[in-house]
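Two complexes are shown next, each including subunit A; its partner changes from subunit B in the first to subunit C in the second.
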Partner chain A sequence: MWIALVLLAVLLTLPLWASAYILGVLTVACYFGVFAMSWDLLFGFANEVNFGPTFLIGTGAYTAGLLNAHGVPMWVCLIAGAAGALVGGVVLAVPALRLTGPYFGLTTLVAVLLLQQFIIIFAGTTGGEIGLTMNDILSMDATTNYWYALTFMAVSGAILLTLSRSPVGLILQASGQDRIGAAALGFNVVKHKLAAFCVSAVFSGLAGAMLVFYLGTASVGTVVDVAVGVQVIIAAVLGGRRTIVGAAIGAIFLILAGELLRPLGQLSTFVVSAVALVVILFFVDGLMGLLGRRREES
Partner chain B sequence: MTAMPRGSTAAPLLDVEGLTKRFGGLIAAKDITFQIRAGEILGLIGPNGSGKSTVMQLIMGLHRPNAGAVRVLGTNVAGWAPHRIARQGVGIVFQHSRPLHRQTVLENIMLGLLPDKLLKLAANRHVRERAREIAARVGLENVLNRKPGTLAFADLRRMELAKAIARDPRVVLVDEPFAGLTAGEVDAFAQLIADFRSDGRAVLLVDHNVKSIAALADRVFAMYLGERIAEGTAAEVTRDPTVRRVYLGGGIEVASRPARAAVSTPLLQVEDVSVLYGKAQALDRVSIHVDEGEFVSVVGLNGAGKTTLFNAISGLVPYQGSIRWNAADLRGRSPAAIARGGVVQCPETRELFGDMSVRENLDLAGQHLSVAQAAEQLEWLYELFPRLRDRHAQAARTMSGGEQQMLAIARSLMMRPKLLILDEPTLGLAPVILEQISNALERLRNSTPITVLLGEQNVTFALPHADRIYVMEHARIVWEGEPSRFAAEAAATYL
Partner chain C sequence: MLAVQILVDGFAISALYGLGAVGFTLMFGVSGVLNLSHGATMVVAAVTAWVVAGQHAGSPWLAALAGTGAGVATAFATYFLVVRPIQRSRSVPAAEKEIFVLTGTLLWGIMIQEAVAYFYTDNPKTVQPLIAGVMQIGGVRTPINELLIAVICWTVIGLLWLLVNRTKAGKVLLAASINPRALTILGFELSRVYLLVWTIYGVLAGIAGVLLATFLGASSAQASQLTASAFSIVVLGGLGSVTGSLFAAYVVGYLETLTAYLISPAYRTVPALVLVVLVVYFRPHGLLGRR
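And then the complex of A and B:
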């Protein structure tokens, strides 16, 4: 918990000294943080691997983007983005959660590919591979944009963290770790997992919608592509499973590292991936696990 | 003949009628009928594969029955989802606990007290209080704030008991209540279960034999191969001829082999081997030896430690003590190296490649042989198990249990073992199949110099072939001797 507060304090002071460029990078990182935290609710607590976080993110982003292209005001688009992701998530999860083991994950992966193909096929409406240009954007000012993103991440994080530590979070963990045991205690496992999926979908969709209104464009490469989803997953695992806060830290770390290593060119992606791989292989509990361990030792 | 317990005039809390479950061709439970009244404890016993666990799972709704009714307080819950059955008043104490490791003991118990609601963001005040009371009742009051990972094995089981009590179930199912507990802990747990009776709950205890639950159960219901074989008081069931035949074999046959010259060094020497699974003692200073050409049977009920002993020999689990093969220490050798050295295990779970054909499974095991050797070995195995020749192109998964077991044994033999370890080859098989496998083992014993170490809970199957018997109980060897002495000396420990 104190880690989250320290991080938040540092992020709050940034606009005082950091350049607009750094603020821009961190704005994206904040939205990624929400993606990763939403994903951790599913992976860490419901114990379901959602290989398609970008299905939820992309549905939210494109719902908002398409409506905005037709002149709908931005705030309505944001709500519609969250609602769109929720509907998409429910349509996907209701049949998929009946499957067990790796099949749930595979279903979510296929869903991303379907969404991607859908966008490309209906390029006339969706902008296809070129992307969709927004009528509105959140703000022209880097600092304002940063405040929007940071506030959004902090509020989302607080809600998700509270949820995960509440009695419902406890039931969700039990449902994830021991399906039979939870059912034998009278808990409807599918109901709780579905609820977690819905929460994850709303936050992913809203974050996706806000991201495209920040960027001014929605494109497959930024909000739908499987590679984006993989980055979300790496961020969450890197930060530390079942911590929520860790996912946000992982996302910021990943985006910052990618930016710092940009001079390396193509090599930067490789280095970031290698670091992520090492952390996942040798420190299963991620960055938060490392911090936690030191605290236990001292 | 059924003993009438106290309060027997009241309607039963649990009424199981004609319960039947088929898994493919296997009938796991057939027309099972019994009732348990408030304040009554029924013991459901049977050897491994008898269907007792299936019956328990059917009551809890973990499987859907093919026929029959499960009435809880008068309502038929057969086919309901487990969480609805739980809410109807059925609780279960699992044998293996899977607690939430990041939460404390208290939080784990609180879980059982939470309602199944999505908008439960804060627990009611009384929940924490109630969890403390339950913890005190089962003897966990001193470890409330510890994480489950730091608990002793018995305390973990206490926590499972506490979680079950938390829902205040009218019907409690307890799976192997005393597995892995020390004698002192067994007494404490027996008292906790007896408390269920005085609370007026209906209790079903599921275990392997009468002995373990005799002191607690008002009545005992015995199963074998999915069917009821006896019912009555513990003493009646112990005397029942069918039960005695199932557990001890009908008139134990012994076929002795010509005496062998005494050997100075045993082929396999296991000395003081102990194995811990987490906190449960799976093997406790076990010593056995097997001489060259000998057929040794290790008998013991499920959970006695047979499989763990074999896995230690095969290098699959870490152990303390020493295991020597041909006088050379096996410690530090990989399982693959041990298998290549001639110690081949045919595991209880068979581990066949289900999508491969019989022939492919056998060819795979013969990879390290030359083509000519492999062909010769294959021909010999087809003679030993003619059924496999008929089925050579069939996928292993689609064969019957007995055929799969034959294939598993044949595949182990394909590797030309010096010592063949057979773990529970009779598990869940019908008597007619047992006889075929028994005949094959007899031919194997008479026609080859192979050494066999057999683990069995079915004494009828284990005794006829054996030169020597070890009896295992609660992770220890409790008896060693010739098969001819078993009935007189060791049978009593077994029921």
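And then the complex of A and C:
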């Protein structure tokens, strides 16, 4: 917990001495942090491996983007984006609640592929692979954007963390680790998992919508591609599953590492994946585990 | 004429899909591993064949052999460097091993993909057809290579069937897919079973990769798409069922070919994906699945 506060303190002071470039990188990192934290809620707690977090992110982003292209004001678009992602989350949850393990993972992967194909095929409306240009953007100023992103991440993080440590979070963990046992104790597993999906969807979708309003464009490559989803998963696992905070740390680490390694060009993805693999093999509890924090375990 | 063309093209591509899917489902059925670096393995085989054929002026058959060997080597690397350490790890809780293996193979696949792209770029690589020339079938000019692909795929699948059903090693494999614990009680070494299944997997993926290079060309950028295709086919047919995968491969292959010819090549992948979604909603264990 204190790690999160320390990190937050550091991040708060950044605009005082960091360049616009660094602020820009960290802005994206903050949104990525929310993606990762939402994923961790679903995976770390409800024990559902979502291979397609970008389904929720992309749905939120494109809903907001498409509405904005028709002149709807930005704030309405953001809410609509979150709502769109919520619908997407429910759609994804329905098979999930009947499937286990690999079947569910497959469904999520297929969902992302379908969304991608859908967007590419209807390129006339959605801008296809080139992307959709947003009519509004959050702000032109790097510092203002940074504050938006940081506040969003901090608030989302606080909500998700509180949720994870609440009785609801404990019930989710129980449902995830031993479905039958939890049901036998009288908890409505289905209702709680559905709730987990909805929460994850809302935050992912909202973050996705905010991200595209920050970037100024919505494209398949930034919010829908499986590769982006994989990065979200890597971020969460790297940071430490089941900690929420770890996911945010992992995301920031990953984005920063990506930038630092940019001179390596193509090899940067290789190096990042290799590091993540090493973490999975040897440091199972991720960065949070390294920092001495045991993951939430009941 | 169009009908015959669709029939022939569809048959060849389905056979290719089938070979890839069979390896994938066998791996899951016997060792419980969903190898997400499947596409990358195929790409390595394809690129190796291309390297041997092009840069070392080898014959297409030598290139094919080299490619298959590379497939096996990659499979072993995946097993010994990624899968086995996770399966034997003491810090990963047993319930999460599957997920870690999944993520591990995913990352490994990305590493392979990027490494190949770094050394050889991600331009599509093709290999000369093993047998050049065309042939007339029902009035349609078909490259002999296409027929050869179908023949090779089915021969390999036939050999696999013989292996599993007629040899002792194969029967042990089958037993391991049904009840590994009972097998160990009977005195069989599971580690040797796993070694066997990874070898078979490497051969299957290697051949599929080489054939893909001779038919459509392969590039490192396709690695995830190849894995996703194999994944979808296997889900459709039922995870762990070889017959199911073959059947599903043909369904998907023909759906794709029909869509490409009758509607548009751009929409090729859509019907298959929709079908997968429907199957997952209404019959999650696939058409012929048992797990």
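The rule is simple: the second predicted complex is superposed on the first by the 292 of 298 C-alpha atoms of A that agree within 3 Å, B and C clash if a C-alpha of one lies under 4 Å from a C-alpha of the other, contacts with A are read in each partner's own complex, and residues count from 1 in each chain.
Rule of thumb we're sticking to: a residue touches a chain if its C-beta (ideal position, glycine included) is under 8 Å from a C-beta of that chain, and two chains touch if they have at least 3 such contacts.
The structure presented is a predicted model; accordingly, all values stated were derived computationally and were not measured.
Under the clash rule set out above, the superposition-derived model of subunit A with subunit B and subunit C contains a clash between the two partners.
In the superposition on chain A, contact of A:Leu113 is made with subunit C only, not with subunit B.
Look at A:Ile280: by the touch rule set out above, it reaches subunit C but stays clear of subunit B.
By the touch criterion defined above, A:Leu99 reaches subunit C but does not reach subunit B.
The larger set of touched subunit A residues comes from C, when the choice is between subunit B and subunit C. Contacts of A:Val189 after superposition: subunit B is touched, whereas subunit C is not reached.
In the superposition on chain A, A:Leu267 makes contact with subunit C only, not with subunit B.
Touch criterion met: A:Ser166 reaches subunit B, while subunit C stays clear of it. Of the two partner chains, both subunit B and subunit C are touched by A:Gln177. After superposing the two complexes on chain A, the stretch of subunit B that clashes with subunit C is 349-357, out of 349-357, 403-411 or 439-447. Looking at subunit A, you'll find residues 177 touch subunit B in one structure and subunit C in the other.
Against subunit C, in their complex, subunit A makes its touches with residues 49, 94-95, 98-99, 101-103, 105-107, 109-111, 113-114, 117, 120-121, 177, 226-227, 230, 233-234, 237, 266-267, 269-270, 273-274, 276-277, 280-281, 284-285. Contact residues of subunit A toward subunit B in the complex are 162-163, 166-168, 170-171, 173-174, 177-178, 180-189, 191-192, 195, 242. Contacts from subunit C toward subunit A in the complex involve residues 28, 34, 82, 85-86, 89, 91-92, 95, 98-100, 102-104, 106-108, 110-111, 114-115, 117-118, 224, 228, 231-232, 235, 239, 266-267, 269-270, 273-274, 276-277, 280-281, 284-285. Residue ranges of subunit B in contact with subunit A, taken from their complex: 60-62, 81-83, 86-87, 91-92, 94, 98, 100, 102-103, 107, 110-112, 114, 116-123, 163, 166-167.
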